[in-house]
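I'd like to ask some things about the structure below.
Should a chain be cited, it is by its letter among A, B, C and D, assigned in written order, with residues numbered from 1 in that chain.
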Amino acid sequence: MAQLGFVGLGEMGSRIAIRLFQAGHTLTLFNRTRAKAGPLLAMGMHWADSPRLVATQSDVTFSMIADTTALHAITQGDEGILRGLSAGKVYVDMSTVSPQEIRELSAQVAARGAHMIEAPVSGGPGYVEQGKASLMVGGERAVFERLLPLLTAIGPTVSYVGASGQAMSLKLAINLSLGVQMLAFCESVVLAEKAGISRETAVEVLLKSVAASPMLAYRGPMILHMPERAWFTSAMLQKDMLLALELGRGLEVPLPTTAVMNEMLTAARAMGYAEQDFASLFDALARMAGVQVVR
Amino acid sequence: MAQLGFVGLGEMGSRIAIRLFQAGHTLTLFNRTRAKAGPLLAMGMHWADSPRLVATQSDVTFSMIADTTALHAITQGDEGILRGLSAGKVYVDMSTVSPQEIRELSAQVAARGAHMIEAPVSGGPGYVEQGKASLMVGGERAVFERLLPLLTAIGPTVSYVGASGQAMSLKLAINLSLGVQMLAFCESVVLAEKAGISRETAVEVLLKSVAASPMLAYRGPMILHMPERAWFTSAMLQKDMLLALELGRGLEVPLPTTAVMNEMLTAARAMGYAEQDFASLFDALARMAGVQVVR
Amino acid sequence: MAQLGFVGLGEMGSRIAIRLFQAGHTLTLFNRTRAKAGPLLAMGMHWADSPRLVATQSDVTFSMIADTTALHAITQGDEGILRGLSAGKVYVDMSTVSPQEIRELSAQVAARGAHMIEAPVSGGPGYVEQGKASLMVGGERAVFERLLPLLTAIGPTVSYVGASGQAMSLKLAINLSLGVQMLAFCESVVLAEKAGISRETAVEVLLKSVAASPMLAYRGPMILHMPERAWFTSAMLQKDMLLALELGRGLEVPLPTTAVMNEMLTAARAMGYAEQDFASLFDALARMAGVQVVR
Amino acid sequence: MAQLGFVGLGEMGSRIAIRLFQAGHTLTLFNRTRAKAGPLLAMGMHWADSPRLVATQSDVTFSMIADTTALHAITQGDEGILRGLSAGKVYVDMSTVSPQEIRELSAQVAARGAHMIEAPVSGGPGYVEQGKASLMVGGERAVFERLLPLLTAIGPTVSYVGASGQAMSLKLAINLSLGVQMLAFCESVVLAEKAGISRETAVEVLLKSVAASPMLAYRGPMILHMPERAWFTSAMLQKDMLLALELGRGLEVPLPTTAVMNEMLTAARAMGYAEQDFASLFDALARMAGVQVVR
């Protein structure tokens, strides 16, 4: 069994760490606020006082953080992961940042004789917990193949996408579909509702139709009962959409529905839904349609 | 076993008729061009020389046609279905037209002492063939319940939506999600492709992700190999989108992604894809992105 | 001086009638509600009891009504304008309806030996009053040339566009630019306002910029003080946008910004602004941006 | 007469420098490629070997450059403008960059005892040449008032907007209206053209209508004869749109038409129009509408 490290223990990170631990590996953890590590330490995982120490003590170090700023914080500087990497070690980042950033970081890792792959995840925390998440991997194929058993322990569907940065590009490309699907779903439900169909019936029948993606199967019902704790907030989705739109602009790919959905996310944030699950696009659209939403 | 009638034997209609026949019922058919009925008559179904005669000879008459004009042609006038209906008979329309039209037709049917329900279908011809289509039903609940065994013979998932016209509204609401999902999928794939990922890999990984609705599972691969015969053309989808947008305007529901997708359908038609499956949104978007599409 | 007729005395029609009267012509009027003709009769114009009688008593009959239904009401039937037309007479419709409708009506007029031209107007009621409106004319060029002095009396800029229906097409094409310009203007002002600039300053500077079209010069300030009486309501603009979008769909012209603006008009109507000037797009957008609008 | 400096002699910068020179002031110039300064030196302006030297030798230093990178290049470092500023001097930046950038730079200028105002320009090079450009000014009001005569020499309409960064915000807000107006104009013309109206007639009549903003008056005719040298390229407009959309996202202002237009700019770039005037949105839209554009 391998010596693994994990940096970043949010909704996603903590669940992934647990899956790796349950597969029999030893895990050393770091998180900005130590409290979040509590339940995991209680399960038998170990604590290290910095990202560097995690990397020093592990063969393979994983990270899962919120954005570019956080990625800099955990990788750069005296206490960053990079300092802890040396020949033969592997660093696996699972965060969603820009492909460019991944390529630059990958070069820094290579300069230390170590290897980096990126492994962004499709599917929310619930999906990870149930072992249903799918992973996309970018980086050297040989490294990917070596790590495959570890990655499969996280989720059953692991796809090698291509060179460094490409899995990230594909992750962003997939996420734009999620955002747009959700907004279209909201358009469907608000339309049905104003046609006299109850929201419950509309959701139920939609989720039996060929439009029912797995994402809609878990997020669609949220418009009936918004979860107390957001799986993926409007603010987080907009961060990803910003990356997707930047990628599109850079590669000269027009993204018309993404752009429109992104502005609806801005509207949702302006209406106060920034920290709610992006299922709150429903509430934003409903208000535009003059429908009262009571929560 | 029941005496059934079926008017309109296109891609969808003929497959639905076959399922009813295979369930052991007697079927009398009519279609504008008789040739299309050939294979079905060879299976043992019967021909009648007008929609009226179909209705006269059947307890329950089904119809599945392309648009309002065709619906008028088969229901109105001396040889229309209405003339063939009498007390106790049932008329089931499965076409996609406006809810308003359904309500008006339903009133005409009721005036003859007969009953009408609408039963639009979610899922393309392949889905019907495999017995996986889902039906939404609008009209009197008692009539719906009486017909349930027949409807279940067509597809396993049958949902009662509400009063006359409401199943049609929900069908339109669902179809807008299908169109938008497809365009978003195209945005995802073109973006991935210009990021250096092969179209095949992009499609494969997307269809393993939580974005993979059943519709995308069958339509997504079409962008790799466009089917010779369209399942649902850009022109047909735009007809439905027109109905959805009109419904939205009438009920005061803004439909931003639907509207944008609808203009892309217009672009697709202008580029020559009117009679191809609406998966050709991919080709239209790719051309906007300066990507050459060789078919 | 000519014997003129005028049917339809709304905000636009009454002002146009006055301009023709002030140019020295004799006018016979009809309006569905006679009360609106009061002030004009007091100025010396005459009343007739039906559109047919107006046409019978006039060499040139003008009409300016709200929509297709109204156009049918004043032209068809025993008391319609058509019955009053005979060889040599001219009928000038200034309403905004579909080009197809104009072509059909024009054929009916020709069948009576009379001539029809369409002369839709660019510019609101205030513009007509100040003699600044511009007219687009469709129909036979010879008829247009004969009527030029009359048309110039209405507004100084009269452009011959082409065959029957083409001026209408161009009118619709222009109106879509008006709607989109207004929404973009609202985006500009809300953005400036949330950047800390007062709404007054934003409007003032925008109206000094190269973006300041004559339409924005009169409609822009409405977002500071919404006029008591709408010049052109959101509902009326949406009627025109429907015609423009239908034309685009028919001619295979994608209209992306028009489509998006049209959905914002739906949102504006859903929020209660249907009967306010379409400057109320500002209020709708501001609400989407979480800005409180006090009127 | 004042000792003025000017850094950045592109299409806009060189014309502004000429206007200041013609108003009787002494000008010292710097540009990355000296060749562009040739004609201006021949008129009697002076050269300095760095931005710092320009600032050292001038009471008021103006700059007009393309983007953030260029702004850093001319202001920061040993040879940057900042080093040449001292107590009492004024720095006027006329470029279009982010408001945030302006505020940071302004603080750096203040730290040297000098003053900075931003003065972005509305109107293209032709407008500046004809003395018709309008300026928006942000920064301390007292400094603005002191500089008013200089600014008025550039263009007759000078508006004080507010604190540092606010004129830039307003400039971005105005530019989004320009981009959207142009795309809507293109929708109008393509629609008219497919309705059988010649492109020339459509442009001519549109430019007589109330939609004809000054920007459309000069840019509209470009779709008939694309200028050899772009006034403002699609790539440059998209840079501004990126800033506007970022500002909107930051301030929580949804910008639906801007977002859609921005994706059309991406399409235009993908089709090869990046370095053409953004009037080439017409060609991009026309191709989407299946219209052949021969240039």
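Assume a contact is a pair of C-beta atoms (placed from the backbone, for glycine too) under 8 Å apart; a residue touches a chain by one contact, two chains touch by 3 or more.
All figures in this text were calculated on a predicted structure; none of them were measured in a lab.
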| item | value |
| --- | --- |
| Set of chains whose contacts include both chain C and chain B | A, D |
| Chain whose average C-alpha position is farthest from chain D's own | B |
| Interchain centroid distance [CA atoms averaged], chain A/chain B, Å | 36 |
| Distance from the mean Cα position of chain D to that of chain B, given in whole angstrom | 52 |
| Between chain D and chain A, distance of the C-alpha-averaged centres to the nearest whole Å | 39 |
| Per-residue overlap in chain A, given as positions that touch at least 2 other chains | 248, 252-256, 260, 264, 267, 270, 288-290 |
| Chain B - residues contacting chain A, complex | 99, 122-124, 127, 134, 136, 157, 159, 161-163, 165-166, 169-170, 172-174, 176-178, 180-181, 183-185, 187-192, 194-197, 201-202, 204-206, 208-216, 218, 244, 247-248, 251-258, 260-261, 264, 285, 288-290 |
| Chain D to chain A touching residues, read off their complex | 238, 242, 248-249, 252-256, 259-260, 262-264, 266-267, 269-270 |
| Chain D to chain B touching residues, read off their complex | 256, 260, 267, 270-272, 284, 287-290 |
